[in-house]
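Heads up, the next two complexes both have chain A, just with different partners, chain B and then chain C.
Let's turn to the complex of A and B:
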């Protein structure tokens, strides 16, 4: 792969009209780690240009689909015309396990006010109220969440007033999300909106006390393919008490009780860092960035938790679990390396996965040639240290920043100042995230919000062994003769988290990068060398 | 429209051909919808035109959702561009976004056509997109610009099927030009059928030695080959030149009993250019297919090709063979209205009682259409339009059917009841090859029949204590 990344970048943007080319050039960088640990600046979290085929979805997708959707007993009602609701119906493949068959699981339902022209013209509040009442009568949920889609914001229905009123009338928790798809520039806006409303309307409502020594919440793990089950099992074996997950395999009561934990673990920084910060400010719960994707990363994350609690017994347990798991991982790694070493991967997905999954590929001996997020911000690329320098544009300004103060009675600092100082070791990522770029090889392409056109060029030039994205990209990539691994839905495979998940992933990628089917594209008669011309009859 | 749509009642219209249905409450919400939204149908149409790129005017999220949905069914690339409204375009209008979007698509794709459909957002604002598109096209008159076609597709007033038909009509109305010389071809307007159906229709027309324009034709663009070199816009699709000549066609054949009264592409071509419109039901089952072949025979003025007659004969032979397995069985069919009508026609022929015919659509013509094709259903046929999957599921509990016929979205109901689901229509995202399911004609009916019988046999085998291997 003898491509100069800088040249590739130039070539990729050449086709665009001038203004667009200039913008895209700022969203494509070539990594280079400075001696002070600095990385080049990338433009991110800016609006995709009209007419560009982007991977991105909307705020509603981030709010309803990503953050709230996986929780099983908050009943969701989508206020708007039918499509938005239909398209988010069970498409994210989050798994959940209610404690018993009689416990509620609303994940399989897709309720919509299915607005008609009448409501668009005269307002839909009345219908929304009736829909909430009806949903209550049928399902008797503990909580109902209402999501606004684009037209609703425009006609000015006050979904929050309706929620308040119905909360009073029904005596259950009802709250709404102004997550219209035109807010912000991607799903990311919706994550923030979801964090805000959960924080305002759910966190801190359940005071159940725990005797356990090590209590945590897991933030930003959505249990695709059963990842959360694997992680839960690791916690259990280590003697760590998980109070709530946001929001894979979660329920309402545990979320309401999450303020009682002593540590927040942040898995997907992009979608949930707001929650970690707000909980720290209000309740004094510190947070740690962890990553359970990759065997080494999992071991490291468990060790970080033990380090935080600084307890000999916990540390010993963590080491035991790691020692139990690693031999199996080593065997699998050795096996796949014999076939995968030196192969190349590209990852363009999400707001954290394009970083996390690099670990797994490296564990297999594969090389990352290009990566980027669909809806990451600069801090996800360059690390939280750039936060103070990020400019807030009009698209981000319209998302509420909640002002949070310490709770008068429930703010309990978990750590002394000295202990905090001790934990400031950058390796520990205590209340910090270093981002994707510092961990990448110099000279690698990083592309934010990659377009369909750029994807094609990239693949043509580099011919990677595998491309990771989502279902929208999958078949286009495969038309180009490159296998595409879906890292949103996992291609209905998984789990990929933890030690067991790492082994699953190695095997899956091994199978994909060594697939032979493309050698059949040409039929035998199509590949035959042209028949030689009959030799001219020698003339004498 | 058969449903009451006052502000608080979006109720399920329950109509009954023979007997009053068990009273069930009607609901405010749509609970697990049995329909998708309008621009999705329009995008499919645009994808079926040679060199065209679908474009949504509105928020980018809608385009992304529709792409992911269409892709999950076809397992093929599907690009839909969007103008990507921001909050300020939502307030001040999206004209500038539209212009820039069209420019950017042109630069990247060099399309021969861009089909612009609207999302709810821009419809709610009330933008005059038609005028914006016209102005853009006129301003670019000296530049190599793609042909633009606009269709208005507010989802709060129609489903994906409505969007589909509206787009076909818009394409024709925009492109068709009066022909000095009549051409001898026939316009085939099949509606939202599978890629395999489209390929088969073209084959039939060829066998009649009729030249035909099938609109849309996504038989290749959404069911293409593995490639050596990637094509930005896949090869195939209805040639634009062909659509232009639609005005001079010998006749149009348009499928869909539910749309016979509507202002469709065929209606437009007839009223504007005098192209005779043959408006038939989807040719599923022998009777409906006979009507289609008779029409072709008349238009082509030649006998039905022997190989098709033989397919018909084999089909009847198999009806006889399979009769003992299917007769008296009870089925629920659901999905797009015209597909439901076609399936009801087939079921009535083979002796399966369509106990419930359900659709999320609301053309208002479903009941009448079913009465026409299945007039003597020996049991109760309940017809519900404007309904949803929870209502279907609730009724299914009472109706105790032996099987379900419809798209993947009914899987939950089939699973709850422990009965087979025969997958047809759109979307099919829990099986491979949804685009290759053949529904139409003698051949498609044959395949449906075989699949229905085998689903029942398999179920019988699986639930039998003995486990016969000879049935």
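Let's turn to the complex of A and C:
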């Protein structure tokens, strides 16, 4: 890789109209770790310029699609024209496993008010009420969630009032999300909106008590490809009691009961850090940033949990599980390294995966040449230490910030101040996240909200062995002769979490970077020296 | 059970759609715009619309689907999207350099009331649309019609923006394919070519959404109707429009604007619908039908005759888009099969009448639903009341197929879990053979899987 990242950056933004070029230049940085641990500032969580061809989606996608969608027994009704509900119908492949065949599972259903011109003109509240009633009559759920789409906000339907009214009428929990697609600048706004409403309307409603010693919640794990199943199994083997996952393989009751846990684990910092903070303030539950993507990261995360609880028996169990799993991982690593060592990868996806998956590539001996988030914020790149310096712009101001106070009866500090101070070791990431950039090699390109133009130029210049992105990018990248791994949907594979997932991922990447097809792009006659045109032969 | 909450008992719903059999207008407009050479579709709305449409089309075709968006924020929703669209034009023509930007609206920009014609005029006046380049638009409010309506509106916009009658009589006919797959469009052109008929086809997504692997990504692949071709449609002998719900608007616009007479036909899926297309082309272009086509027809007929025992009398449930459903029913009736449940989420005035006409008295107890309230939840309830032998529809049918153990042939949009639709036609006689093969395999695979050992057949 003989490219000077600074030169590449200049070249990439040169084509843009001047103002746009200036903006993009602030969203592209070259990593450099200062002696004090500082990293360059990146502009993030800002608007995508119209016309740019962005990877990003909308607030509705972040709220309904990402955070609430994976939960199997909250019945989701999308209030709007048919499309928004249709496109989010099963497409994120959140796996779920109800305890029995008779337990509710609404994941396969797509509900919509299918708004027509009539409701756009005269208002849709009446139809929404009727739809909630009809949904109740068919499904008899414990909870119904209503999601607003773009026109709903504009015509002024009060979805929250409708939800309150129907909650009273039906005697079940009904709550709504003002997650119109135009809110914020990306899916990220929707995550925040989803966190807020779950916190206000669900958390703390179920007081079931637990005898278990080590109770946790897993925040920001959505069980794509079965990742949550793998992690649940690890917890079980270590003797850690999982109360609720937000929201992969989850159900309503467990979420409502999650305030009883003694620790929150934050997997996807971007989509769920709000919840961790709010639960800490209201119920006194501390949180830890963990990462179950990558074998070493999984081992480290389990040890961090054991360290938090500071229990000899738990620590021993964790070590036993790690000792059981690592030999298999080592064998797989050694095998794939013989074919993958030194190959290069680029990751442009999501709000945490572009960071987490770097670990797996490094474990295979591969090098990261560029990375960036689709909808991350500065703290996801630079670490939470920059939070006080992030300016809140007009787009973020529109998202509600809930003021949270300690619960009068249920706030229970889990740790003494002294113990908290002990846990403040940066390695532990106790109530902290160091971000993507400090863990990257100096001189690597980091690009926020990468555009299609930048994607093409990067690939042309660096010719990486593999590019990681989403469905919209996949086939454009592959047309360039470079394999593209989807890190939203996992290309319908997985799981990639935990030790078992790491092995799956090594094998998958090994397959992709060593596929024969990439060497067969030219037909035999396309590699010959130019020949005289043969006489035409009559054809069909 | 995957759909464990679905019961046989139907309670009337007036407000709630469960498991829709349609989606919204803009995705159809995006698909149609991809069938124009050098065209970048542009979604005037929130980012999510563009992202969802690109994702769905990409999952269906396993191909790049490039499109831009106006990236509305709360501010644009209050003040209107003009500034966003003007900026988008500047960025798109500078960075991505298309020949055409085809703007479609969304529920958001329609509710706000953005006047796209006016914004395009302003963009032209401000010099944001370079000389020789084009910006066109179609109004595609998501709360009216369905994805088919969006396709029809964008196809019509191609006519109103580009078609011109110069007075010259060109020996060519316009063939509007409707919403069919790239291999279908390729097959239709091949049929015309074999008959010696020059056709102007638009939209034409062949060589766009089935582009070869070359090691290079072409932002604007070699396929797609060119502006010059669409322009010349105003001088053609006549127009054959395929599929009433997808092609009538464009065909009528051509007649109105350029006085090119049109003949509307059902999509040429199956034997008799293809016969009608061949006849129409023969008469309109004044050509003879070559033996190669008659022989192909004979091969399809032969296949039906040979394998009739496996298909006759079978009860079929179908859902999808009106144009496809009418022709599929026509084909199934010709195979002596029984389409018993037929349903589309797309509102259509002629759909039920046409289906009943096609069925004649062959299926007295047929259930037909369209538009509002016609969803796959209802279809599943019908099936639970009395089952069928075969399902034909888009990928979402797989959940019903598995729960009810019913053979399933994927047809329509979207198909997210199989690949054939992107490569093999279902129009024309060859398309009929491909479709019949899939239907036969579905029955025969089931027989092989479930037959008692002593009843397991070597020859079928």
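Following the convention adopted for this analysis, the second predicted complex is superposed on the first by the 528 of 540 C-alpha atoms of A that agree within 3 Å, B and C clash if a C-alpha of one lies under 4 Å from a C-alpha of the other, contacts with A are read in each partner's own complex, and residues count from 1 in each chain.
Everything that follows uses one rule, which is that a residue touches a chain if its C-beta (ideal position, glycine included) is under 8 Å from a C-beta of that chain, and two chains touch if they have at least 3 such contacts.
None of the values given here were measured: they were computed from a predicted structure.
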Clash or fit: what happens to chain B and chain C when chain A is overlaid? clash
Touch test for A:151: chain B only (first), chain C only (second), both, or neither? both
Thinking of the overlay built on chain A, is A:139 touched by chain B (first), by chain C (second), by both, or by neither? second
In the superposed arrangement, does A:106 touch chain B (first), chain C (second), both or neither? second
With both complexes overlaid on chain A, does A:15 touch chain B (first), chain C (second), both or neither? both
State whether A:456 touches chain B only (first), chain C only (second), both chains, or neither. both
Figure out whether A:120 sits in contact with chain B (first) or chain C (second), or with both, or with neither. both
Check: chain A residues flagged as touching chain B and also chain C 15-17, 20, 47-61, 77, 80-89, 91, 108-117, 119-120, 127, 130-131, 134-135, 149-151, 153-155, 180-183, 185, 394-395, 398, 451-453, 456, 470-472, 474-476, 478-481, 517, 521-522
In their shared complex, at which residues does chain C touch chain A? 1-5, 11, 13-20, 22-24, 26-27, 42, 45-49, 51-56, 58-59, 62-77, 84-85, 87-92, 94-96, 106-108, 111-112, 141-144, 146, 194, 211, 213-218, 292, 345, 372, 377, 396, 399, 416
Mind pulling up the chain A residues that touch chain C in the complex? 15-17, 20, 47-61, 77, 80-91, 101-102, 104-106, 108-117, 119-120, 127-131, 134-135, 137-139, 149-151, 153-155, 180-186, 394-395, 398, 451-453, 456, 470-472, 474-481, 517, 521-522, 540
For the complex, which residues does chain A have touching chain B? 15-17, 20, 47-61, 77, 80-89, 91, 108-120, 122, 126-127, 130-131, 134-135, 149-151, 153-155, 180-183, 185, 394-395, 398, 451-453, 456, 459-460, 470-472, 474-476, 478-481, 517-518, 521-522
For the complex, give me every residue of chain B touching chain A. 5-8, 10, 27-33, 35-40, 55, 58-62, 64-69, 71-72, 74-90, 97-98, 100-105, 107-108, 119-121, 123-125, 154-157, 159, 224, 226-228, 230-232, 390, 412
